[in-house]
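Note that the chains are named A, B, C and D in the order they appear, and that numbering of residues resets to 1 at the start of each chain.
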C-alpha cells in the first residue's frame, strides 16, 4: 500500500471552486489498488471542492471546458480516467479562458 | 490582393533595418512578411497589440474585423483606440492608428460580425487567421472555418490575470474541437465583462500571438503547435503543456468529419456570439 | 507632484471597470496606481509598450525620458511613434500618443540624457524607475541612482529574439552591481543597432515590465525580485532563474559601499552612454 | 570513476561563440576526482569553443557580463568555480542583453 503525495493545481478560474486556492499538496489515503484519475476526481469532489460541483465534474469526468494535465502533458496522452497516479505526480485542472 | 512585392524599397530597408539583421528573418523573411495577409478577428485587448506589432513588422495586408464600437471601458487594454475615437467602429479606429504607424501596410477594416455566412469568404482572402474574440460560438466558428480552409489558427485568450495561447490546426496538431468536442455550458463561461481583466495581460498574450504569426509567416516553425502556453500574471509564471495530437474522431478535422460546412454556432453552443447580453443583464 | 487623488470619478469607474473587478486590484489598488508616478528611461522598443500599458491602466504620472529623436528605423518596434513624428523628440512623441489614450495621466516628457548630474534629482520625483535604455553606462548609472534613492528598478532588455527581465534592489534581492560587479569589455557588448531585434520581442518584455510595475504599485508582490526571467522567442520558451541575494560586498548596496554618490559611468565602463557612435562607425 | 552527462546551454549571444548551437549534450571524460566548474570551463574552452575565447573566459572564470546558472539557479548560490558537477546537471551560460 503505497502513499500518494500529489500536487493538485487549479487555474483559469477553476480555483474559484476551491476557495481561490490555486495550489494544493495532498496525500491520498492508502488503498490496496493504485489510485487512478477516476478515483481522484471522486476524492476531489468529496474532499476539496467547496461549491457547485457541477461546474467541475460531470458524470465520471471533468466538465467540458476544463483541460486536465498530468505532469505538464494533456491527460489524453496519458490514458485520461484510467491513468494510474504515481507518487509526486502533478495534476493541473485548467478552465479554458474566453476573454480577449 | 495586391500584386506580389519582389523588392524592398530604400525606405523599407531603413525602416526594417534592425530586423533585417536577424539571420532568422533577413531579406527573404521580410519579403515573406510583406506578401502575407492576416485576418485579425476582434480589435480588442488581444487584437490591438497583435495588429500593432504585425503592422510595425511589415505584414503586407491586415484585415481588421470587429462589429463593436470603441467605449471608454475598452481603453484600459485596447491600446490602439483613443478617447477621440470613442463611438467609432473599432475596426476603423484600429486601421487609422496602424496607418499612422506604417502606411506601407494595407489595412482593411471590416465593421461586421463574423458569421457562418461570411467566414469562409473572408478567411479565403487571408492565409492567416488570428482569433482574438471573446465568446464561445465565435471560437467554434473560427476553428471550423480554419479547418475547412486548411489554415492555422493562432489563438489566445486572457481573463483576470491569466492568459492562454495555442496554434491550432498546424502541422498535425489538434484543432479547437479536438480539445473541446463539447461546448461548455453557458453558466460556466466567464468573459472580461464579468470577470475583469488586467489590460497588460492581453497585451502580453497579443504580443506572443504576433511573434508566432511572424515566425510562421517568415518560414520559421511555430513553438505552439500541439502546445498550450499558460501564463499566470500574478505569479509571473509561464507553463508550456504538451497537447494531444489531432484526433482521428474529431468532428471537423478527423478522418470522417461530421462537420463539412459551417453551422449555426449560437445554437450549437446555446449562447449568443457576443458578451453584450450578459453585460446588459448585469447592469 | 499633484495632490493625492482620493476618489475615482464616474469616468474613472467606467474607464477602469474591467480591472476594478479584479480582487487583486479593486478600488484600493486603482487609487494606488493613480497616486503613483513612474519614470521611464528610454522611449524605445521597451519603453513604448511599457508606457502604453501603464498609461492605459491609470498610473498617475509618467515621466518619459529620452534624448533621441524618432527615426524611421525605430518604427518596427517603437510603436508609440508614427511616421508623422519622425524627427521629433521621442519623449514628446510618446507623451502625445499617451495623452490621446488617457488624458487623465500626467505625461512629463524629458528630452535629455540621464546623467550623473540629473539622475538623483529626477528619480527623486518618481517612486518607480524603469530601465529601458540600451547601453551599459546608463545601466550602472540607473542602478546606482536607484540604490542610493532606495527605489526598485524594474529592468528589461531585448536583443535579436531574446529578452531578459529582473526587478533589482527589491526586498533583499540583488542590485545590478551585485550580479555584475565588473562592467563587460566594450567589444563584448552588442546592441540593437549591431545585433538587430525583432520588434515584438521588446514588446513582450515591455509588457511584462508594465505588469510588474502595476503589481508593485498596487501592493502585490513582484514575481521577479531575485529572479531573472529569460525569454527565447525562437523557441517560445520562458525560463525563470533564481538569483543570488544582495551581496554584502557589493560596491553600492553592500555593507560598506565604496560608491556613495554617482560616478562618471562612461569612464567606469570605458564606453559612451549611447549606441549612436557604434552605429556611425558601422555606416 | 563516474560518468558525467551534462547539458550545456548558451544564450543571449553566447551561442555565437559555439557555431550558433544553443544546446549541447556532452559526456565529460571519466576522472578519479569529481568534475568541478573550474575544470568544466577549461574543458569547454578546449573542446567546444569555436572562436575568440576571450569573449567567453577570462582568467579562471567566465568574462564579466556572462551569468552562469546551474540547474536554473545562479551559480553564486552553488559555490561558483568550486561547485562539483553531478551527472545530468544542466549548466546555462547567458550573456546579459543590452538592447531595448
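Heads up, the rule we're going with is that a residue touches a chain if its C-beta (ideal position, glycine included) is under 8 Å from a C-beta of that chain, and two chains touch if they have at least 3 such contacts.
Labels paired with UniProt names: A, D = Ubiquitin-related modifier 1.
Everything quoted here is computed from the prediction, not taken from an experiment.
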item	value
Intercentroid distance (Cα basis), subunit B paired with subunit A, Å	30
Separation of subunit A from subunit D, taking each centre as the mean of its C-alpha atoms, in whole Å	39
Rounded Å distance, subunit B centre to subunit C centre (Cα mean)	28
For subunit C, residues contacting two or more additional chains	160, 192, 195, 197, 240
Pairwise touch network: line, ring, star, complete, or other	line
Touching pairs - complete list by chain label	A-B, B-C, C-D
Touch list for subunit B against partner subunit A, complex	42, 44-47, 132-136, 139, 156-160, 162-164, 179-185, 187-192, 195, 197, 202, 228, 230, 232, 239-244
Touching residues (chain side subunit C, partner subunit B) in the complex	11, 14-22, 24-25, 49, 52-53, 56-58, 72-73, 75-77, 79, 81-84, 100-103, 160-161, 192-201, 203-204, 207-208, 210-212, 214-215, 220, 222-224, 227, 229, 233-238, 240
Subunit A residues within the subunit B interface of the complex	11-13, 22, 55, 63-65, 67, 69, 72-74, 76-77, 92, 94-100
